[in-house]
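Just so it is clear, A, B, C and D label the chains in written order, and each chain counts residues from 1 on its own.
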Amino acid sequence: MKPLNRNQIAWRAAQDIPDGNVVNLGLGMPVLVSNYIPSDRDVFLQSENGILGVGPEANELNINPNLVDAGSRKVTLRGGASLFDSANSFAMIRGGHIDITILGAFEVSISGDLANWDSRIPDKGPLVGGAMDLAVGAKSTWTMMQHNTKDGSPRLLNYCNLPLTAPKCVNRIYTDIAVVDVTNQGFMAIELLESITVEELNARTEAEISLASDCKPLQAPADLI
Amino acid sequence: MKPLNRNQIAWRAAQDIPDGNVVNLGLGMPVLVSNYIPSDRDVFLQSENGILGVGPEANELNINPNLVDAGSRKVTLRGGASLFDSANSFAMIRGGHIDITILGAFEVSISGDLANWDSRIPDKGPLVGGAMDLAVGAKSTWTMMQHNTKDGSPRLLNYCNLPLTAPKCVNRIYTDIAVVDVTNQGFMAIELLESITVEELNARTEAEISLASDCKPLQAPADLI
Amino acid sequence: MAIDKRIETAKEVISKIFDGAVIMVSGFGGAGFPNFLLEILRDAEPKELTLVANSATHPYSLTHSLIEAKMVRKVIVTAARGRGKELSPFEEQWRDGSIELECVPQGNFSERIRAGGAGIPAFYSPTGYGTDLAKGKETREINGKNCVLEEAITGDFALIRGDRADRFGNINFNTTQMNFAPAMATACEVTIAEVREAIDEALPTTDVHLPSVYVNHVVATGKEI
Amino acid sequence: MAIDKRIETAKEVISKIFDGAVIMVSGFGGAGFPNFLLEILRDAEPKELTLVANSATHPYSLTHSLIEAKMVRKVIVTAARGRGKELSPFEEQWRDGSIELECVPQGNFSERIRAGGAGIPAFYSPTGYGTDLAKGKETREINGKNCVLEEAITGDFALIRGDRADRFGNINFNTTQMNFAPAMATACEVTIAEVREAIDEALPTTDVHLPSVYVNHVVATGKEI
């Protein structure tokens, strides 16, 4: 199996969302997760602009220009949805009522520090949005990311180099080559691409990364492109 | 003119509510004020249990057992009313959005300290309710009270003896014999019953009380009983 | 699996309320008391409860029956005064020292509960400053305003009353039935809602006052109040 | 006198926005931008504004036109990154030092504005702790949680977008149009609302999302968004 593409990473993360959970999906890759939640699970998607129960993207027939998600997509509502203002939305997030938030990440440290909001491009303004609140407030914080940067540098680090989103918040990391838990003993891969050895994985990860005793092969449907 | 009865004090206070104001009326005598607001003034009554725009008390035809005010009266809503929860109601109160609160009082001090919640009856529990929030949060705090206790003791004092509701909050006091402003120069009567001299007024008031230069006779319709 | 939070009888979920639990009970001014649930709770007879409710003694609320059954170790309330000159059961137990009283201004009460649900551990409030109810509390002047540091209140179980619910746990309130229920539901680990009617289809989004994420169990009573 | 907050044209009220004013502008994710009012504001050309809005650079919001017209001295935002690699007009002025940036996590942003309207001068928030956005801020551990002291944000003028209004100033929002508007309306001295439709009769109480007390002026645009 080749390294996972964006949709395959999203598919893989979606398989781990428990039935009945409330989930907030960050901009970018995480929002793709909504396409792959198994149909036997009843999951409520929260959008921090004030929706509990985001439905599929709107089409020409059901579009309401005022009904958007935090990523400015025109969306619909699912059955049982509710709406509220931003202050109440972040009370929901900060108050620990979101089961899982899935966020994009630039870097994650061995202690679960997350850096995902400021990539230090000179003179470009910051874009923090709700990430700091989500990372601190959700019961679990998962990240989705390429295991390495475009130039091959590691993103799973001993310490983050980029400005933090929140310290000690990440529980699990989905990458193109592994699923990694952040544990008290450091990074632990619970799934790894079969074509990659633990040595190769460690060569692509700054911090030491161990294999779970029951580490499985990382797989995703091949027809997701 | 004789000292004002409860309804006459309420009538007198009602005449001073400006058109368009938002007013919260405390339990007891203040709630009577709602009966005497001049009909040419459009006033919204707030009730801290979650109503902006309390209407008249309900009758058999329009009663909704779930629609009550903070005094447990079954009420109606006026046109333009809105409803909200207690946290939002007190955000409205504490945030300075109520123009006037009219509260009952045991004692008021010369600096505007208010005591109206704990009369120190042995072993009787306290009942603070929303009084402390209203006294602090409203733009103006008015009180309605008998000028003296049943045994003739003064209630307009140099310092309150009873536990405070809030320091430095009272702007105006309506009693059965006078309308008194709390000013930087101390108590100043702006209306006084014609049959009472300034000496008699001071004999019934612990703190010194002056007459406004344009002090008027205190009057109210005689047919209010 | 399709989410369905409706239960036929509340006995089982109420039986999980353990000795020493902190329970919040909605209701104010005669509306929104979860008396159906309180009757079951009284029969379940857990002991040493901390009761968070607006009033310890409101005649229409069965909270007083918990106190009479000596199930309550502490109350956090805004009102605890029995009607009349006789001591109420609460006042007797308070006098004997068998029940502890924390009396809180109603705005601080509702905001502390909201904060508990919103992940705000503490906030500064002008209400109560300079009064006996702020004794021993940290104070601070912020932008010229004297404030008291108030900590969030959280609980184990919220018992609330609504009008309609759907199987997702969304709640609609009838007018002033709302009062403390939304904040309490956000601030407790488990929220049990009694409602007049619990429907199979989703409530219209515009009718949802309390989003489903805050509600764990719903029981229909078939009764108006 | 019958309350009527509707105005035919917003030019006069917008012309009262003075040099140096703090203005809050609603909208998020493409919904709820008061672009009708912003166009008038841009033409009125007050200078040295402080702009409180979710984003300084959202392409659908005319807030960016105020920045392009060099009317803004400071922004308080959660997002300030222009799209693409080119610097946006905001980023250019920020680089030049002619505009000041305060970047706030979105949950602290909405909560600080709510606090401004709710009379809470400051609160402790776990969001942002340990990050660059909390640098220089007071921190405190409360019940094991590391928190940052966050101060309320208040403003002079709130410009918001709703769907329907009545002559009392009650506002109804169309789904996610709501976002920051309710909190902003509570936190400003003067709130000006643009809506699709402003009706003579009162809005049904169940349709009111923002109570009239928070709204000073209403102008109908006749347009869907």
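The rule is short, and it goes like this: a contact is a pair of C-beta atoms (placed from the backbone, for glycine too) under 8 Å apart; a residue touches a chain by one contact, two chains touch by 3 or more.
Quick caveat: nothing in here was measured; it's all calculated off a predicted structure.
A.B. asks: With chain centres defined as mean CA positions, report which chain is farthest from subunit B.
C.D. replies: A
A.B. asks: Could you tell me the distance, in whole angstrom, between the mean C-alpha positions of subunit B and subunit D?
C.D. replies: 36
A.B. asks: So what's the Cα centroid distance for subunit B and subunit C, whole Å?
C.D. replies: So the centroids are 29 Å from each other.
A.B. asks: Tell me, which residues of subunit B touch at least two other chains?
C.D. replies: Touching at least two other chains: 77, 83-84, 90-91, 93-94, 136-137.
A.B. asks: Counting only residues that touch at least 2 other chains, which ones in subunit C make the list?
C.D. replies: 111, 114, 118-120, 125-126, 175, 205-206
A.B. asks: Work through the pairs of chains, note which ones touch, and then classify the graph as line, ring, star, complete or other.
C.D. replies: If you draw each chain as a dot and join those that touch, the picture is no line, ring, star or complete graph.
A.B. asks: Which chains are in touch, pair by pair?
C.D. replies: Pairwise, the chains that meet the contact rule are A-C, A-D, B-C, B-D, C-D.
A.B. asks: Taking the touch rule as given, give the residues of subunit A at its contact with subunit D in the complex, in rising order.
C.D. replies: For subunit A paired with subunit D, touching residues are 47-51, 64-72, 74, 77, 83-87, 89-91, 93-94, 118, 123-133, 136-137, 163-167.
A.B. asks: How about subunit C: which of its residues touch subunit A in the complex?
C.D. replies: Counting only subunit C, the residues touching subunit A are 1-3, 114, 116-120, 166-168, 170, 186, 201-203, 205-206, 208, 211-214.
A.B. asks: What does subunit B use to touch subunit D in their complex?
C.D. replies: Residue positions touching the partner: 19-20, 22, 40-42, 44, 46, 52, 77, 79-84, 90-98, 136-137.
A.B. asks: Considering only the defined contacts, which subunit C positions touch subunit D in the complex?
C.D. replies: It is residues 111, 115, 118-126, 142-143, 145, 147, 151, 175, 205-207 of subunit C that touch subunit D.
A.B. asks: Which of the residues in subunit D come into contact with subunit A in the complex?
C.D. replies: Touching subunit A from subunit D are residues 28-32, 56-57, 60, 78-82, 87-88, 90-91, 94-95, 101, 103-108, 110-111, 113-114, 125-133, 163, 174-183, 209, 224-225.
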